[in-house]
Amino acid sequence: MTAVAAEGVWKYYGDYPALRDVMLRAEPGTCLALIGRNGAGKTTLLRIIGGFSKAGRGQVRIFGNDPRETQTRRRLGWIGHGISVYDELSAFENLSLFGRLYDLPDPRKAAMEWLERTGLERVKDGLVREFSRGMRQRLAVARAFLHQPSVLLLDEPFTALDDRAIAVLQRLLRDALAEGRTVVMSTHQLREALELATHVALLNRGKTAFQGERTAQMVQDPGWVYAHYGED
Amino acid sequence: MDFFREMWVITRKDLRAELRTKEAINASLAFSLVILVLFSFAFDPTEKETVSMSGGLLWIVFAFAGTLVLNRSFAREVPNDCLDALVAAPISGAALFMGKALANFLLVLAVELVSLPVFGIFYNVHWTSHFWSLMLVLALGTWGLTVIGTIFSALTVNIRLRELMAPLLVYPMLIPALMSAMQLSMDLIAGKPLGGENQIWLRLLVAFDVIFTALSLVLLETVLVG
Amino acid sequence: MREKLIYSLGVIAAVLLARDLYSIFMQLPDEASQGMIYRIIFFHVPAAITAMACSAVACVASILFLVTKNFKHDAIAVASTEVGLAFLAANLVTGSIWGRIIWGIWWTWDARLTSALVCWLLYAGYLMLRRAIEEPAARARISAVFNIFAFADVPIVIFSIKWWRTQHPQPVFWGGGSIDPAMYLTALLNLVALILLGVILTLIRLRQEEVQREIDSIRRYAHAV
Amino acid sequence: MDTRNFTFMFYGFLAAWLILVVYVLSLVSRERKISEQLKGLKGLLEYKDRK
């Protein structure tokens, strides 16, 4: 079954169409890199797929269901621009909070496990406020992976990360793909993203200009997709 | 997961985050004390006069001080985009709203329970004659305040001038609830029991709470997911 | 089409208003206890009813917007709220002037005046909320929710203030007695005229809102190009 | 009493209609603002077209 499907999605801001009839598909076990210029609608599209905002026309299906359904939300993981963890709580409290919200059988155990996997177990009781940038980002990654989502949505994941966090994220994403999960990410960092991606979609002014498998040529020359499909 | 557990998780998170920094609750407490002192200059606090003004005075203090807590409710979720994580979590919007409202309710109630004896001491008013009835009115009035404050905090979470807009919208909306709470508190402090003439105000207060709680629960998802 | 509708409604309203003004000033006798000033009522009461009708229309339009996400409903909501506020302001001012003669004071916390004022503040808040939000879709959604809240609050405000005042001494007015049928007819016709005027103003404001929205979207588009 | 009564009635009607007139004036000024925006926008579009 298709993991993520956008079927003729339109999104208006007032009368201005930010997305125009976007079609998108991602099968389980694949990683789709969503590329495009600033203002092309990447974030808007990802937020609709994640259920944060509603499509004006058309629909998004996650394993055939609406993204806002409770069961579907359980299967989605999200990393956005902010880290989405609380400054006033400790790393462990944050993760066990989200463990409870996602109704994990043992939230504390899951929290510990993911603190270890992201290398934060030593600072588990430190408040997030006191964390360095890199630690905060790793905690954000742990929060997104905590409930073992089958679809991961990442909005510009590599932009704000430091080297160590990038390494952690890339390893986790590779593992996830190997386990048959789906990854959809929007990105500027073509090189990092294209290494991971199995598929590429290019958005141009709210329209899908290209969608297909990632080829070796794209990795060698990241500007290639833009050159062939991106310009007007 | 059942509704009440989801709600409780949110409530506990909000309370824990607030009690760790105590930003809002300290500001609110200090503010309520300052207004109580300021009011003593507005009129000569002889006992008889004070009793007849007590309801109004108390609820104006509560409404002003409460807004400081309530404004923070969803604003707290803005740094780090925490609101996204809550919206994405598989809990119902109703549980999210009730959880936040309950946390706010407890915080505002705590501030009120501190300012009430202070009011009694400063203004030399014997306010405990119908203690439990007064607590009931306090709870009902505070719930009305909390519901409106919480939903409007969600409404204004992403707009500029948030701190200015919210009170402007909240106070006119609250007038009926504040009026009933003032009337009832005044009667109770003056020694009149609940029931009889002021029954109608109790009903109004309950109706206000019920109507706006229901409306908020219905509309919260619309407010958060656009 | 809409232009023609506006003009023809305007003609009807003008004729009705002329007839009513003539009747109010020239034909109807002074009221026994109040004298001439009672004539303000012919404007005062219909203005209040028009304002209420406007807020009801705005609430329905807001609900329809949330259901359909059609921006036309948002435009109707804002247009009719604004016009309603103008009528409510006229109602408040005439009430105050009437009170100066009958009660000898400009303002009294009388039930009707107070509830009208509170409603005015509520809906003024709606317009201010709209100004504070830039993004059109969010503005429409958030202000629609607020409008529904405001409309739900209106009856509660009116009833509670009525009860509040009945427990407190207040200047007495509205002594019973029957209304002269001629007066009744004039009041009714004036109500129709003011409602027509409200509809006309709403239609004009509605068109402005729609043009503004078009301009905004063209501008967005032009900047995106 | 009667003259005062009359003046106040006059004031009343005057004030009420004045408020409506002020509202209409605000509509007119908004109309002007809108048409100015439209003009500016047309200029912008022409400029972009030429480019």
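The first chain written gets the first letter, and so on, giving A, B, C and D; residue counts start at 1 in each chain.
Everything that follows uses one rule, which is that a contact is a pair of C-beta atoms (placed from the backbone, for glycine too) under 8 Å apart; a residue touches a chain by one contact, two chains touch by 3 or more.
Just so we're clear, the structure is a prediction, and the values are computed from it rather than from any experiment.
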Which chain has the mean of its C-alpha atoms lying nearest to the mean of all protein C-alpha atoms shown?
B
Between chain C and chain D, what's the gap in Å when you average each chain's C-alpha atoms?
17
Just curious, how far off is chain C from chain B if you go by their C-alpha centres, in Å?
31
What whole-Å value do you get for the distance between chain A and chain B if each is reduced to the mean of its CA atoms?
38
CA centre of chain A versus CA centre of chain D: separation in Å?
50
Listed in rising order, chain B residues that touch 2 or more other chains are 226
Give me the residues of chain D that touch two or more other chains.
none
Check: chain C positions touching at least 2 other chains come out as 137
For each chain, which other chains does it touch, given as pairs?
A-B, A-C, B-C, C-D
Going by the contact rule at the top, pick out the chain A residues touching chain C in the complex.
12-16, 39, 56, 205
In their shared complex, at which residues does chain C touch chain A?
69, 71, 135-137, 213-214, 216-217, 220-221, 224
For a test of understanding, state which residues of chain A touch chain B in their complex under the given definition.
50-54, 68, 70-71, 73-74, 76, 78, 80-89, 93, 97-98, 100-103, 127, 143
Name, in rising order, each residue of chain D that touches chain C in their complex.
1-2, 4-6, 8-9, 11-13, 15-17, 19-20, 23-24, 27, 30-31, 34, 37-38, 41, 44-45, 48
Chain B contacts chain A in the complex at 1, 6, 9, 13, 16-18, 20-21, 79-82, 84-92, 225-226
